Amino acid sequence: MKEEKKGFSVPDGLFIRCGVCKTILFRKEFEKNFKVCPHCGFHYRLSVKERIDLLLDNNSFQEKFTELRTADPLSFRCLKNYSELVEKSEQKTGLREAVVTGEGKLGGISLALAFFDFGFIGGSMGSVVGEKITRLFELAEASKKPILMVIASGGARMQEGMFSLFQMAKTVTALKKYQRRNLPYVALFTNPTTGGVTASFASLADIILAEPQALIGFAGPKVIEQTTGSRLPKGFQTAEFLMKHGFVDLVVPRSEQRDTLIKLFDYLIGG
Amino acid sequence: MKEEKKGFSVPDGLFIRCGVCKTILFRKEFEKNFKVCPHCGFHYRLSVKERIDLLLDNNSFQEKFTELRTADPLSFRCLKNYSELVEKSEQKTGLREAVVTGEGKLGGISLALAFFDFGFIGGSMGSVVGEKITRLFELAEASKKPILMVIASGGARMQEGMFSLFQMAKTVTALKKYQRRNLPYVALFTNPTTGGVTASFASLADIILAEPQALIGFAGPKVIEQTTGSRLPKGFQTAEFLMKHGFVDLVVPRSEQRDTLIKLFDYLIGG
Amino acid sequence: MRKIYLSFESKIKKIEEEISSLAGKSKITPEDEKKILILKNNLQAELKKVYSNLSPFQRVEIARHPQRPKTIDFIQAIFSDFVELHGDRLFGDDPAVIGGLATLEKLKVMVIGHLKGKDTRENIERNFGMPHPEGYRKAQRLMKLAARFNLPLITFLDTPGAYPGVGAEERGQAWAIAECLALMSDLPVPTISIGIGEGGSGGALAFSLTDRLYLLENAYYSVITPEGCAVILWKEKSKAPLAAEALKLTSYDLLELGLIDGIISEPPGGAHRFPEPVYEKTKEVLLSSLNELLKLDRETLITKRQEKWRQMGVFTEGD
Amino acid sequence: MRKIYLSFESKIKKIEEEISSLAGKSKITPEDEKKILILKNNLQAELKKVYSNLSPFQRVEIARHPQRPKTIDFIQAIFSDFVELHGDRLFGDDPAVIGGLATLEKLKVMVIGHLKGKDTRENIERNFGMPHPEGYRKAQRLMKLAARFNLPLITFLDTPGAYPGVGAEERGQAWAIAECLALMSDLPVPTISIGIGEGGSGGALAFSLTDRLYLLENAYYSVITPEGCAVILWKEKSKAPLAAEALKLTSYDLLELGLIDGIISEPPGGAHRFPEPVYEKTKEVLLSSLNELLKLDRETLITKRQEKWRQMGVFTEGD
């Protein structure tokens, strides 16, 4: 998102300027507000750590499957080698892969959890992401835990070729086994949620919430514009658009996400 | 259909004139051709007897549930009383209700069968039609027979009020029990198939065939024109239109219906 | 909001206007107070008189009253913690159908209903409560969620009918309704419908293949609109009152015919004038029905529902 | 139909044209016959030479060859009594996906595949084999029928990808694909996919979560088109051959990586030049696979499929 980049164009000062509405904001206030512009409501990107702070009960999160490491099964070569890219992403995000999985509590309810970080190679799904999501479904199935996933992904990870594409099949297979137990799975789509992750386990959640204005879709808007040769309608592929078209249950601003999720899980496990 | 009425405007001569393409036809040839205009392909209405002759193995049909008789549960009064209307329809069609149900064979395959006659109060579904369809589902479920229904109906029968509407719920309930056994049910939609019959057991068939140009829909075209205040697109609600929109598997002319049905049932019971 | 009066409420209108003109005076004399008291008594008597002698078509008019409480009002009055869920995951989110998770006392349930608007603007947005196929498919999705998560299903009926339009036909209105029926016929949770206003044919039926079906006293439920029936049978829309009579579409007729399970009574003056007691009674009915239904095991529940609908219809047997 | 030659087939083109010019003469001398024989030998040698040294991108070009046999050709050549079934019962009948009942020797099966056109007109009608959501939903309906009536499922993959368009997004392309995957993961019948041409990412994957996945020798299967990959990584579409190399998208690469179950070989010259032997081999593969799979009971079948897909992926474990 162009706007977002602009929003972070004064990265170290006391103030920042919202890239969307151009309002000058106190950095502290902005961060206390979970990076939502208090003026225009634009939801800026959060790190996994910020997500956990926003949503979960204090200190309840325990990461799992940290032992999984990315390999380079195709020995993928382009301008930059895949292994270098992974290394750089690790340094940038402080994470080891594009998804952090684990267990934690939300309003006292024990959940299996996945948080994507778009900063790690576009939140893309390669073998490790697929394996982590699969293990999470298996863990949740075995321990009868509801699942919450916070999605942010550009799709399958090119650099692992067909291994990445097949993670879609693998994760859905695990999901289907999980869902047979009638255990609830809620997904929160954040900006952006597109490609192979959307076209597999993410969109099969029982309830789909989305952040305001988040980009959601299968194909990215650029690809669509190039293919169809026409400009996209206004608001196309936003969370609000997706809700209107029947694919999102609710668009929930950050300030209400925790409460809404607690309510939802309460319904889905208490029936 | 206006055209059809025109087609029968020379009812007793050696020749008739096709109301659609205006061609003069030998009556005998027209009837040998199962009332399909050899020139324009328009499918004129068939009686139940003609349908049976067209589709089933010779002399294989045995009617069932003939003991059911229409009551007049609302003592429905308008210009013409309901019971008089039923009597007149009986005389006109030689049938006792708008649907004839029974058992028979098609290419040697034993089937449970229902044939609607639009000439009997517009093929409408009142208590007797609902009961017959329900019993047919039950008979087919008990004897593990596939089902074929040839539909022609304007919908629920007004003169039995909510009893008629609730036949939709009743027949679907029976159908659902039948379908749980994974027994096949094929429907052939003929002109017209609309209203409550379409919105219940008819459209839940595993495979839906339709006759060329047959009118198929929920609401009738007049109602839609009146409600929306705009003219309907060309070809709207024809079998071909429905197929294009995903609701009909195949449009099959009369000359191919028997063969297609034999093939279909062969697949659905032989797998 | 200005009160809207029906054709047969002219005397009621007069009394109510007299009361408000007196009560609205800057200085109310004891004389005025006395008058108001008398007028209020008159009003009560008149409401009782009119509302205990309603013709079927008058009930239809009440069922259609623009100020009659809507599904959303029932949801807000009866339930807590409503979480609306949107969309059919196929094509759209039909504003003519509302659905979501709700709590009835301590019971967690799924609620689905037709939703009319409260004014013209809202009605246009909500298509006057006439669903498109995506409304029925949203309902199906919520029904499946209810089944998966063991939530009883409560539906509110209030629609002139499924929308008869080009898009609705193109997207399979008949199929959408039929699939609702198929799903409800063996949904493994208790299911209850409440007809609160208009019960327009297949469009209402799609939500009412349930264990229990109740109608508010002045709700109607009919295979066809009285107007549509009048045009077909008498060739005149103005014969709608005759048609309403013939169709036996009032709650009393339907109860007598064994087609519904009970009537939720309205105070004289109707639910649009006095909604609170109606909400209360509806809530009682829901709670007591759910109480009964929750005692049944899943299989018995479904079998009983299927038997209930199996026996619908009147005919004679034997030559 | 005039033969279309690929960029690396110029020498082949020359020989073939010489042959046909000689063979087309009104009077063919013994001298001509001798020449033709020699040319035919040269052609064989040249085909073998070119087709045994194909680069990954050249295989992509073959997979996209306009005259390569399409799903419909495989259906007509391999099966009998095909009955096409149309529609998703929701929105439309996508011409980019074909499906129906078919007979393989004596086995009754359900067949589904992407369908490209044979010429520009057909390709426009069939959207170049790029499905909209309704194509995937039609497939889902047919898969459910296959499950209900115990018909093994055979899918043919041949798509540049799911269509990236406004309508496709509005109607939930991602959801349609995901639901195909969910359905196939535990479909209670044997399932086999054959990649016959292009295997374009998620659009192809939607039909290939099966018990057995084979690729024709010159089919490809890739997470992204080489062109798309080139633009992202090298900022130049012309680097597609490099991307094709890096992506490991050929049948040989995929077999070596353990991602597919086998290769159906094509004669030198490719399936577009010699389709018959390819049909034959495909039929053999289908029959022998089905034979194996039909021996398994339903539960084992599903478990094995789930295990197969469970182990996809390469990573290291432990710090």
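Note that the chains take the letters A, B, C and D in the order they are written out, and that residue 1 is the start of every chain.
Rule of thumb we're sticking to: contacts are C-beta pairs under 8 Å (C-beta built on N, C-alpha and C of every residue); 3 or more make two chains touch, one makes a residue touch a chain.
None of the values given here were measured: they were computed from a predicted structure.
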{"item": "Shared interface partners, meaning chains that touch subunit A and subunit D", "value": "C"}
{"item": "Comparison of B-C and B-D (more C-beta pairs in contact)", "value": "B-C"}
{"item": "Taking each chain's C-alpha mean as its centre, the one farthest from subunit D", "value": "C"}
{"item": "Subunit B-subunit D separation of Cα centroids, rounded to whole Å", "value": "41"}
{"item": "Inter-centroid spacing, subunit D versus subunit C (mean Cα positions, whole Å)", "value": "54"}
{"item": "Cα-centroid distance, subunit B relative to subunit C, in whole angstrom", "value": "33"}
{"item": "Subunit B residues counted as touching two or more neighbouring chains", "value": "245-247"}
{"item": "Subunit C: positions in contact with at least two other chains", "value": "89-91, 171-172, 175"}
{"item": "Arrangement of touching chains [line / ring / star / complete / other]", "value": "other"}
{"item": "Interchain contacts, given as pairs of chains that touch", "value": "A-C, A-D, B-C, B-D, C-D"}
{"item": "Residues on subunit C engaged by subunit D in the complex (per definition of touch)", "value": "89-91, 137, 171-172, 175"}
{"item": "Subunit C residues within the subunit A interface of the complex", "value": "81, 83-93, 101, 108, 134, 138, 145-146, 148-151"}
{"item": "Sites on subunit B touched by subunit C in the complex", "value": "66-71, 73-74, 76-79, 126-128, 130-131, 134, 156-158, 160-170, 172-177, 194-196, 198-204, 217-220, 223-224, 227-228, 230, 232-233, 236-237, 245-247"}
{"item": "Contact set on subunit D toward subunit A in their complex", "value": "162-166, 168-175, 177-179, 181-182, 185-186, 201-202, 205-206, 208-209, 221-224, 228-229, 232-234, 242-243, 246-249, 254, 257, 259, 305-306, 309-310, 312-319"}
{"item": "Residue ranges of subunit A in contact with subunit C within the complex", "value": "182, 184, 206-207, 243-250, 260, 263-264, 266-271"}
